[in-house]
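First the structure, in the form of structure tokens, and then the observations on it.
Each chain gets a letter, A, B, C, D, E, F, G, H, I and J, in the order it is written, and its residues are counted from 1.
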Amino acid sequence: MLYHVKMDVKIPLDMPKETADAIKATEKAYSQELQRQGKWRHLWRISGQYANISIFDVDNHEELHTILQGLPLYPYMSLEITPLNRHPSSIKEDDS
Amino acid sequence: MLYHVKMDVKIPLDMPKETADAIKATEKAYSQELQRQGKWRHLWRISGQYANISIFDVDNHEELHTILQGLPLYPYMSLEITPLNRHPSSIKEDDS
Amino acid sequence: MLYHVKMDVKIPLDMPKETADAIKATEKAYSQELQRQGKWRHLWRISGQYANISIFDVDNHEELHTILQGLPLYPYMSLEITPLNRHPSSIKEDDS
Amino acid sequence: MLYHVKMDVKIPLDMPKETADAIKATEKAYSQELQRQGKWRHLWRISGQYANISIFDVDNHEELHTILQGLPLYPYMSLEITPLNRHPSSIKEDDS
Amino acid sequence: MLYHVKMDVKIPLDMPKETADAIKATEKAYSQELQRQGKWRHLWRISGQYANISIFDVDNHEELHTILQGLPLYPYMSLEITPLNRHPSSIKEDDS
Amino acid sequence: MLYHVKMDVKIPLDMPKETADAIKATEKAYSQELQRQGKWRHLWRISGQYANISIFDVDNHEELHTILQGLPLYPYMSLEITPLNRHPSSIKEDDS
Amino acid sequence: MLYHVKMDVKIPLDMPKETADAIKATEKAYSQELQRQGKWRHLWRISGQYANISIFDVDNHEELHTILQGLPLYPYMSLEITPLNRHPSSIKEDDS
Amino acid sequence: MLYHVKMDVKIPLDMPKETADAIKATEKAYSQELQRQGKWRHLWRISGQYANISIFDVDNHEELHTILQGLPLYPYMSLEITPLNRHPSSIKEDDS
Amino acid sequence: MLYHVKMDVKIPLDMPKETADAIKATEKAYSQELQRQGKWRHLWRISGQYANISIFDVDNHEELHTILQGLPLYPYMSLEITPLNRHPSSIKEDDS
Amino acid sequence: MLYHVKMDVKIPLDMPKETADAIKATEKAYSQELQRQGKWRHLWRISGQYANISIFDVDNHEELHTILQGLPLYPYMSLEITPLNRHPSSIKEDDS
């Protein structure tokens, strides 16, 4: 099942650069592992923002929640979640 | 170049059903032709809404505008457009 | 899987009363059939509003969309959908 | 009488983990006691958010206020309260 | 139990004056009867607006809903409802 | 002249409890003195919020401003002020 | 006593030009009479908008309401009203 | 040329009282000098708020910007600026 | 003096195509004449919207208002106006 | 390709003046270099705000993102990005 997730990241201005870099590196590894598993199907950066738009393909709400809560940047994010359906006009196999 | 487009459709309540059906059929054909050309890369319905989220892959703003303005449902839509970049953590070939 | 749905109904002021009454009667039957099937798990009116809050228990986004789109009052509604998870502190069996 | 309550929790980023964990444990016990008493009738997590949706069944506004103000996480929450009525189309005994 | 209700009235510009006057007269009688019964405890006009702020004293949500839905101007109103408690600093007998 | 005032209080999370308690005690005395003088005509708590709705009966804007600015909790409040008129349908003597 | 009033005018697109012109002429006369009486102390157009900002100097809310309700364009306006006080730093005699 | 400016002031709660008082005193002198020069034509306090509404009469945007940026409280303010025209119905000489 | 203007156009769905085309043709001629005069300095379409962003270079608010009010599409537009200053970091001669 | 970018700057009140001045000086040099290269085509200050409106002319979203992310003030900014097309009514050579 597909979910559209918008993640806005706001790292506190006073977090030491090394701490921030370490969190971001863990985040990257975490994200890439989920991409390899096919759970995190798409990941795009919003131009000019510290924000991304992602498409998740998971079994249910529970799995989505567990994945999002596990994001190393989760405490610094605000999230918007939109359930997606296959569109009756889509001809793409991977749009559902 | 990628653009994230959210389309909300509001067909006037007093439009005759046949007119609406004809417009929707043209819209579907138009959309599928653009999908076949690779310009309209993804198309998802937002659950429970007469709205979709789409990813377009076009040469520039001009091409995007021409495509959107050509939508048979364009007069009944409100549109939100967000430019997308490849995300540095993406490992997907088709995310850019 | 659970979804929280808020439905706001706005029937056009110039719709004949009999038409409105007929739609509402069909809506009621449709809703009660889904309640009997266990799909529409809860249904409450928001005090003082022509609006309700509902909890749906369906297999996936697709089933939710089909049910909502089938509502006789759907053309006159605006809908807000929120996916729900079991809460780790809940002790109720029927909260998931 | 039923009330729909949405609770958004925002724990300060600099609260020590032990303090936060202690508050959350007390919150859980407090919530489960009220569930056992039948006052806190439903409790769901909003997917991907540190937020919940709850249905309270209490005698009056006063009792609701006392319960909410007693929440160990109350100082870190923002709350939205919506009074609910039995819906004329509901066939569920426990929807009022 | 007390409820704070804000009512904004928007009568369609093309409603004949006599129809509007008739509805308003019925509304006035309806409101005054409820004031006499003590259900509609306060009623103020918002300066410069076709809107009022009211305090209702009713047994429960159900009674409030029935009263509001019975307002002759109800189809032309938008309503905001806020449950009120006695304030611990109030010394007025009639503030609860 | 009547004014409807909504006060939302947000005391900083790091204010020592004794300081907060002292301010609240002064606030209570200040409010009750004004109630006794008839200036602060009604005072209700909004259920589940650290907020109140008040009706002031003062000579003019100036007096209202002086009273509000004198509130011990004023630095921690946000305020919304709405001038009120007697409603033509009110039958209550004390609604103006 | 001073009130800041922002008036936004939205005349229906299908009102005949002569009707609109007649209403506007009456509005102008009404406004100028009130200016001569000193009740409508200032009147400015917002650049590029069919909207104005006005300062009224009236005895009380009641008088303000009566004046505003009497505006020939009142049915086509939305109004925002803000009570104003003399500012402690003002040196202008006519700022109160 | 006239500009309508709304200034909302939010002084940090932890600024020492003497610092705040010193800034406010400088602000007052600065404002009064500009009033004497005729640049700051009107200045009113919004009732119950730490905010004002001002009318500036300056040569151009540049002069307005220089004046506002020079306000001692500028770092603690949020500002809304609205260009004003003479209103065709105004009969006041000093409304342009 | 420079003004940033955002124009959103909403032509009623039931306006006959010829009427709309005639208005748009007049609008184009009007706009191009002002561009030739140097008053309408820049004009861009917002991608995917029936909306534009324009920079006007006029003598004062009055001239801006007269130009905007004269737009053939003015009755169907909503407008946002922002005064602009030369930026201290600009090196462009034509940015002021 | 053209992008309209609105930048709002909020430097923390407790940043030492020398630090802020150093960042601003670097920002100015960075901006002027990009103006010389023709990438940052226009730059205006919004009157009365610590904010600017800019027009960028870059090859694609990627180049825009890289430029914006490189702004020395980027961590203190919020950004709004709007893709722009040549307007069919524009007669200016440099509007595309």
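We take it that contacts are C-beta pairs under 8 Å (C-beta built on N, C-alpha and C of every residue); 3 or more make two chains touch, one makes a residue touch a chain.
Remember, it's a predicted structure, so these values are computed and weren't measured experimentally.
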Neighbour overlap between subunit G and subunit I returns H
Can you spot which option in B-C, F-G or E-F is basically G-I again, with over half of the contact pairs the same by residue number?
-> B-C
With over half of the numbers shared counting as same, classify the subunit E/subunit F interface as same or different.
-> same
Note: subunit E sits from subunit A at a C-alpha centroid distance in Å of 47
Roughly how many whole angstrom separate the Cα centroids of subunit F and subunit H?
-> 28
Determine the centre-to-centre distance between subunit A and subunit I, using the mean Cα coordinates as centres, and give it in whole Å.
-> 40
Considering subunit A alone, which of its residues make contact with at least two other chains?
-> 2, 45, 47-48, 61, 64-65, 81, 83-86
State which pairs of chains touch, listing all of them.
-> A-B, A-C, A-D, A-J, B-C, B-I, B-J, C-D, C-E, D-E, D-F, E-F, E-G, F-G, F-H, G-H, G-I, H-I, H-J, I-J
Quick one: in the complex, what on subunit F touches subunit D?
-> 13, 45, 47-49
Along subunit H, where are the residues that touch subunit J in the complex?
-> 5, 12, 61, 64-65, 68-69, 75-76, 79, 81
Taking the complex as given, what residues does subunit H use to touch subunit I?
-> 1-3, 60-62, 64-65, 81, 83-86
Subunit I residues within the subunit J interface of the complex = 2, 4, 27-28, 31-32, 35-36, 41-48, 52-53, 82-92, 95
